[in-house]
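Chain IDs A, B, C and D follow the sequence of writing; residue 1 opens each chain.
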Amino acid sequence: MSETGRTAAFSDGVLAIAVTLLVLDLRVPVRATLEGSLADALGHEWPSYAAYVTSFLVVGIIWVNHHAVFELLGRVDRIVLFLNLLLLMLVAAIPFTTSLFAEYLTAGGARARTAALVYSGVALGMSVAFAALFGYIGRHPALLAAGVDAVAVRGSILRFSVVGLALYALTMVIAVFSAPATLAAHAAIALYYCFRQTRATA
Amino acid sequence: MSETGRTAAFSDGVLAIAVTLLVLDLRVPVRATLEGSLADALGHEWPSYAAYVTSFLVVGIIWVNHHAVFELLGRVDRIVLFLNLLLLMLVAAIPFTTSLFAEYLTAGGARARTAALVYSGVALGMSVAFAALFGYIGRHPALLAAGVDAVAVRGSILRFSVVGLALYALTMVIAVFSAPATLAAHAAIALYYCFRQTRATA
Amino acid sequence: MSETGRTAAFSDGVLAIAVTLLVLDLRVPVRATLEGSLADALGHEWPSYAAYVTSFLVVGIIWVNHHAVFELLGRVDRIVLFLNLLLLMLVAAIPFTTSLFAEYLTAGGARARTAALVYSGVALGMSVAFAALFGYIGRHPALLAAGVDAVAVRGSILRFSVVGLALYALTMVIAVFSAPATLAAHAAIALYYCFRQTRATA
Amino acid sequence: MSETGRTAAFSDGVLAIAVTLLVLDLRVPVRATLEGSLADALGHEWPSYAAYVTSFLVVGIIWVNHHAVFELLGRVDRIVLFLNLLLLMLVAAIPFTTSLFAEYLTAGGARARTAALVYSGVALGMSVAFAALFGYIGRHPALLAAGVDAVAVRGSILRFSVVGLALYALTMVIAVFSAPATLAAHAAIALYYCFRQTRATA
């Protein structure tokens, strides 16, 4: 496999594992200590399920976009490997930020705000790493695969990076006011990426 | 690797991880607090082992069928990626529903029923996502690989989807009456898929 | 990727995950409750480290042998997929049997014996699944890749299966008498496979 | 896939899983027992975040170097497989040594020293396994891919192995004096590898 192919495969591995580890945040009520009905206990855990679905979509969209970036590449250099590693480091932390967010989503006050800011902060960091990776590739046309139009890449990079950064920065602002609204915003961004890009490629 | 190939590889990764994470539901009795023999303590955990084997077969069959669907595809679009992501989201939750089912399999009454309904509900959701993915592909012959017969695909989709939906809907009904019978039904469905399809391709 | 290639890749995924999950059996002494020196506390955990190394070698050897079997295959049918799934189900349980064995290795008496029997039993089950898979392939030359000598395959199957089954059956006998000797026997078998096969191919 | 390709893919799998399992060392403060602010509680966990980032870089650099070694190989023999397995066994233990190091980084005295020595010791063991693997390949030019210059490989092996062994041996010395300085040294080594090698290939 080429260096580019092996880097994409390694990244796919990390993304697949990170998304699957989200299930470890779903906790089974312990039978010996459970009071009341199991249905109530599970219903009480709704923040975990909402956070699971949202983070699954978030990582899924990252996978789709990561995929699109690596389609453009003909070769990788050490800077690409390093920026990609930074991106993966932030994605791999999502099972932690998801668990934190689910635990404090309904805690109210400063605690819910802290959890929402951490969740949005890691997502913003991801979009910064993505913009840095995408921007570096745009400035180094020698990395592009044969037949890829460098000018078109640079234009889509600008739009993509600005929109991503703006949207995730917005979730930081929302996080100051409401944790549940922050989670809803992340789910909406992920769904928006699905729809917008579907229209663009259909 | 093609977009179709990378999507299949990512899906394989999630399925392989989900099936291997099932082992985390098998708990080791703590030596310091164990009373009586270890053999008795392990025997007492039989619902965990039964649930492990059943869920391993269930995910294994999903892998085989997922595989068969992706063999037909020549390319993927955003809708396919999104429906596939929904399917993976449900499969990745199986270590949780398995652990829940094992914990409450012998609890009796409403609790065992709730656990059985959650387990069967996620399995039914999976078959709905599969039917949606399969049905979308059937209505878009442009996605099929060269040489794949669109009419034959549509026929097998109908049979496959209806049978899968009917069988998993049936486990929801069984779940109302008996949790152990529900687990046995899931194991029987997985084995049925093995045998039926073996006969069909041999 | 071909059906054979995708099955090998899925199996590789499960084996890689199972072997890496072994690390979850290595426990960090909790700082708040630790009495005495950390070095003593870690030294006290030697059964975990010995079991980690042994199981890592055991799964590593399975990977090498699994690899060798799939090199022979030109195509797979449903029976191969099913027998392979059985094999993976047993391998994926190794992080559990390893953790159990480490916890009770020094417990003495019936408890250590039970843990050693479970560990050896799953290893024996693995070698039975391997022999069944290998034997099925030997009886169906149509599955072999072009240029593979069916008679030579059948001969090596017989030797390989008989030796593997005999060695793991022997660990069941040893398990009745001594848990530490059982662990040493498993490590010795894994190292034996390394050396013997190195000589054979060098 | 070739035997070399499948070995590289299996290794990639183990490295991707080990690096992603690092997230399990990041603990969410339990809401029911949390006193004071969540921000303070998370801030108190800074050793976990520092250890996460450092170990992510360490494993990332191993992946890059492992990748570079396998680019040279045209085929693998049993000794390569065995040395590679030893290397993976040590890498797969990093989530454990990371968790241990984070737990005792600020404990001071003999406990922090023990944790730092274990962390550095496993890293040193890794560089020994790497040097053994690299050295074995250098002494067996028949394993190299067509067109790879055996003399140049031997020269870079010597430099690479000596530098790696010296740097990680140095962290053992630092570990005797200061745990936080040890962690910083590991992060610095990982970043040094990034920069130095970037310059060399740019």
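The working rule: contacts are C-beta pairs under 8 Å (C-beta built on N, C-alpha and C of every residue); 3 or more make two chains touch, one makes a residue touch a chain.
Source: prediction; values computed, not measured.
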{"item": "Copy pair chain A, chain D: interface residue numbering same or different (half cut)", "value": "different"}
{"item": "Chain C on chain D, rotation in degrees - Cα superposition, rounded to nearest 5", "value": "90"}
{"item": "Chain centre separation in whole Å, for chain C relative to chain B (CA means)", "value": "25"}
{"item": "Inter-centroid spacing, chain C versus chain A (mean Cα positions, whole Å)", "value": "36"}
{"item": "Touching two or more other chains - residue numbers and ranges from chain B", "value": "9, 13, 17, 21, 24"}
{"item": "In the complex with chain C, residue positions of chain B that touch it", "value": "5, 8-9, 12-13, 15-17, 19-24, 26, 28-31, 34, 37-39, 42, 52-53, 56-57, 60, 63-64, 67, 71, 194, 197-198, 201-202"}
{"item": "Chain B-facing residues of chain C, complex", "value": "1, 3, 6, 9-10, 13-14, 17-18, 21, 24, 77-79, 81-82, 85, 88-89, 92-96, 99-100, 103-104, 107, 110-111, 114-115, 118"}
